Amino acid sequence: MAGNSFGTIFKLTTFGESHGKALGGIIDGCPAGIDIDLEQIQLELNRRKPGQSAIVTQRKEPDTVQFLSGIFEGKTTGTSIGFVIENTNQKSKDYGHIKDVYRPSHADFTYTEKYGVRDYRGGGRSSARETASRVVAGAIAKQFLKNIEFYAYVTSVGKIELEENDTIDFTEIEKNPVRCPNAQKAAAMEDYIKQIRKEGDTVGGTVACVIKNVPVGLGEPVFDKLHAELGKAMLSINAVKGFEYGSGFKGTQMKGSEHNDAFNSDGSTKTNYSGGIQGGISNGMDIYFNVAFKPVATIMQKQETINSEGEKVEMQGKGRHDPCVVPRAVPIVEAMAALTIADFFLINRTTKA
Amino acid sequence: MAGNSFGTIFKLTTFGESHGKALGGIIDGCPAGIDIDLEQIQLELNRRKPGQSAIVTQRKEPDTVQFLSGIFEGKTTGTSIGFVIENTNQKSKDYGHIKDVYRPSHADFTYTEKYGVRDYRGGGRSSARETASRVVAGAIAKQFLKNIEFYAYVTSVGKIELEENDTIDFTEIEKNPVRCPNAQKAAAMEDYIKQIRKEGDTVGGTVACVIKNVPVGLGEPVFDKLHAELGKAMLSINAVKGFEYGSGFKGTQMKGSEHNDAFNSDGSTKTNYSGGIQGGISNGMDIYFNVAFKPVATIMQKQETINSEGEKVEMQGKGRHDPCVVPRAVPIVEAMAALTIADFFLINRTTKA
Amino acid sequence: MAGNSFGTIFKLTTFGESHGKALGGIIDGCPAGIDIDLEQIQLELNRRKPGQSAIVTQRKEPDTVQFLSGIFEGKTTGTSIGFVIENTNQKSKDYGHIKDVYRPSHADFTYTEKYGVRDYRGGGRSSARETASRVVAGAIAKQFLKNIEFYAYVTSVGKIELEENDTIDFTEIEKNPVRCPNAQKAAAMEDYIKQIRKEGDTVGGTVACVIKNVPVGLGEPVFDKLHAELGKAMLSINAVKGFEYGSGFKGTQMKGSEHNDAFNSDGSTKTNYSGGIQGGISNGMDIYFNVAFKPVATIMQKQETINSEGEKVEMQGKGRHDPCVVPRAVPIVEAMAALTIADFFLINRTTKA
Amino acid sequence: MAGNSFGTIFKLTTFGESHGKALGGIIDGCPAGIDIDLEQIQLELNRRKPGQSAIVTQRKEPDTVQFLSGIFEGKTTGTSIGFVIENTNQKSKDYGHIKDVYRPSHADFTYTEKYGVRDYRGGGRSSARETASRVVAGAIAKQFLKNIEFYAYVTSVGKIELEENDTIDFTEIEKNPVRCPNAQKAAAMEDYIKQIRKEGDTVGGTVACVIKNVPVGLGEPVFDKLHAELGKAMLSINAVKGFEYGSGFKGTQMKGSEHNDAFNSDGSTKTNYSGGIQGGISNGMDIYFNVAFKPVATIMQKQETINSEGEKVEMQGKGRHDPCVVPRAVPIVEAMAALTIADFFLINRTTKA
């Protein structure tokens, strides 16, 4: 209920505050007998890590994951997988100045109202630092799903966006710090992010994701449609404001005669406005969707706000923050997609007599 | 798991196929002691009913709900509420011609692959007829939530859309068959839908929803953020392709300095790009979001498709279908919003010691 | 949360009060493609029905189940199965006299305190009439599990009990109204129940259950051990006060050297004190357990009690009640066992990579 | 699904193998604002610890719990509480000799069959070492429930049992190593356990639990009755074979006229055969129940068994094991009772409009 779990059969539960002792989680329901490549998990985590390039936060966190259970002699055992990531860079004093301040468009006000108390250090539980645990679990989900491929990438930063004629080259994604699959646009986005940082400002952006080789039949009709869970998964990531799949919002302007995906004789379709999902169930075509991220709320400019007494105060972000989250959001989007697919993959085994 | 339930504490489970004996559901976890206005429930159901205007499907279904338990002497008792809506207009023979045909962009192919069998009559369980049960449950959720107001309305049909300067008048919504809060745009949309129907075609559209008077504190951080569940709720409605809340996709183009919502001294905010939700928790401001609906897949034009043997066949929609779903989707969007809020309202009672 | 569901994948949710319009339920997660024998389901329901013999309640309820969805052309479709059993014998007036009375050892007091309101007619939701829905769902679970056999039977009525040397003949169970697998003891029990009824009193008893051909591997270790769920399933039946499996309470007096079940080379065991379950997981041996039922609280004798104002009142049970529940509990025990096994059977499919 | 979680709102998920790096868990849904006494938690853990007296296993494990999140400045924050207990005494080599051996009445065979792999060191996940995490969570539940008192105690060891006329003095429980509330019987039990240990054997026993000051209204009728969840909670503890509450198995021999609990004018009852629960809901009287523990399977005697190839092998338990689990089971029974009550306490807040 309290919202720290994702999934039903392949289920992740996470814990940890931004400036507590450690983050971590428990993966329950991961099948037994999966070969686990620990190095690969750490590599995924490194893709999300602060300090990896000049356009992301310069905090230094090694973000080393340590597994405590559920993996034995290189394989999952079917028991719950516990893991921790220590917070080695806790500078709690940095946060004394915001102890009683409600930062605009942050969760300070709502947490205090909801719980009566709040770990104010670095956003506490509301910090995107929590997503490190998701990346760990997502990496294991990927190793379980083996043949299914997840490609997330940045499609826009502010108003700079991939356009219809821009080439998309998945091998380009990890070659530039923006994680955009078009080198030219990547360069423009990178420049723009640097300029935004200089202004002490932040900017939003969009991440797309393509999932290949999804077997037919994943997703449960009615409330737990595959795209409904994918949507929830994405909307649960910090700073996300929107989700669309297949034809998305643009599809609302189309006619049925244009939008319908005609079948080939093998059940594949000639077009894919459906985005790989029909009636909430995967149809074997590529699944694709877009995720909208708002600009980070912490800016390096003076802002007027209130404190917990409702008094006006002035504040200014300090320290080491992302001017744009989308580059680091890419591995998180993939992780949440992998967790969603892994769960439906297992649920689908219970469908037939 | 099998996806026929929504909610955790205030939970709806539904059953029923388009052409089976009846639809219905069970509401579990509805608090005891709520005064139930049965007439009001039926009125909500009538808003969704086929045949209510010239621009929706002309099927005749009375859609009368009958309650079987959980309400006694006009009040909920805290026990599970069972209800049924009989299917009085089952013309199964109408569907013999599509028994083995996979209709493009429908769920025929995916259901057959997933389950090995399929009730082919009128889409069976994949039919939007299932949403009648959601409207019943949503109407009860509204009666529980009393002071919280839900206003869904149509904001676009095809390329005709409400623009920034168009006035929005909530009292207009139920006065026109499109359910658009601007009479002039409503008329244009109505004309367009009629034209589309003449072409034997269909068209998509968008529905917005505003929720007023939501108390501060609803929503569970991390995975079950209020907007993540709202998103899932909306994406679970038939034909939905996208969801955005607050600044949504447009917000990705903004800078943090523009997007941040400055506080007033009472905790309310001067702007509301956050859409009434911060850190996944309601902040007391209006919640608002948009939902994208694709064009209905059933068109009255000849289409080439395949049958279950993979053979090419030609088919043409017959009978009584909606040229555009958004007018009838309005009460469904409200119902799903009410169910989501009711659930979080109850969960929130467990938050403090 | 509100407690009207059982199971996780193969899940039953029920509704209905003793004297409402109807009882019923939704089975969600029942796999597709199961051949359904409707007559067999009705036969199971008849085993639980009032009025079937001279030693059970003489109420007349046809208890006819009607399926509304999820079964098409004789097979389950994988969609939710809705069903209803109408209450044809509602004599609400019968209950006017207990409207404000708290019957001793009934749920009248606790329901009123918990919910503030109560459907007082015949116990409302707390009536064992609810178990009819369980028998329907259990019958479907049995048809899914085909080769797994469930044998519940009465082992004691008051102080008359099956003793170690009494022969147990499963073919005897349905031949006598007590459902005891030993004809002689059955006769003694029957006589005793008749005498108890004459006294206007009631008496408790015990039901045993043996489950044969359970595959190895069912049950989830730690909290959801197979016997823990079986225990919960049984304890959820009205009037149950205890559950033990394998060596049970007697096993507490044994030494490890006596109690350990030595293996045969095929993994079967020479003895079966474990009751077919080790570490919470089935080991392929017969599962067996005992369920304790208290005497029915409604007696045909005068009792002093209180009303909702806390005033002393005198009351006397009227009408048609069971002097001993165990004969009618037998099919309910089997149904709950079948539901438990069906659920673990499906969960177990998700265990390996 | 995979069974490593307990509870619905106040939910514990655990991880950890007997000889892995650490055990631990996440408590989700613990309300915010509870004052946490860390020392008291450690004291509860010490009651369960190996090596605390001459009649329990002599393994040395400090069992120090470390909290990683969810507690800030001495109070719970409403976010998930992560904790770990390091395994400092891992002697994996000790277990080489049983790597391929299936120990009788252990979970070796069933785990291997279910998962295909198994962490064979000390029973891995099937070891009762897992219950340390339950005691931690139970201690927090107790601090939340403050006024509700939990008294578990040993009522029998083998055939030595508390009899009807034996005085029960709760202050005696922690004064003797057996945790029996009668000093004389405690001494006899202690002697017996020492003798059993000398024989290289083990013995079973029974634990009773009384819960005082439970408010009226806890428990959800139908499937999630308070006693059904308590039963599941207890049956999920290692070595448990049975559960009964109130009049229990003995109540089956009583007549309704003897068993009914007559009301006092304040709603309390003159007798308490109901065990504080009516219709699955607490009625404010003391809740009491009994839990049956089988003899520990690991004995210090030679046993013939099989290995994973089905070959006969001889084995003998080594090292440091409990000759009787009931003394150390007492805090575990209390912990599981506290977790159950805490969960229903929170659920009950959602019951009324």
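Each chain carries a letter (A, B, C and D) given by its place in the written order, and its residues are counted from 1.
We adopt the following convention: a contact is a pair of C-beta atoms (placed from the backbone, for glycine too) under 8 Å apart; a residue touches a chain by one contact, two chains touch by 3 or more.
Not measured: the values here are computed from a predicted model.
Farthest chain from subunit B, judged by C-alpha centroids: D.
Chain pairs A-C and B-C differ in how many C-beta pairs they share in contact, with the greater number at B-C. A straight line joining the Cα centres of subunit A and subunit B is 26 Å long.
One simple way to say how far apart two chains are is to compare their mean CA positions; for subunit A and subunit C this gives 46 Å.
Note on chain placement: the centre of subunit B and the centre of subunit C lie 39 Å apart, centres being C-alpha means. Chain contacts: subunit D has residues 1-5, 8-9, 14, 29, 32-33, 78-80, 114-116, 125, 221-222, 347, 350-352 touching two or more partner chains. Those residues of subunit A lying in contact with subunit C across their complex are 1, 9, 29, 31-34, 76, 78-80, 144, 221-222, 346-347, 349-353.
Remark: subunit D residues 1-6, 8-9, 14, 102, 104-107, 109-111, 113-116, 125-126, 130, 156, 158-159, 196, 199, 201-206, 216-217, 220-225, 227-229, 231-233, 235-236, 241-249, 251-267, 269, 273-275, 278-283, 290, 292-299, 301, 303-306, 310-312, 347-348, 350-352 touch subunit C in the complex. Listing the residues of subunit C that touch subunit B in their complex gives 1-5, 8-9, 11, 13-17, 20-26, 28-30, 32-33, 66-70, 72-73, 75, 77-82, 84, 114-119, 124-125.
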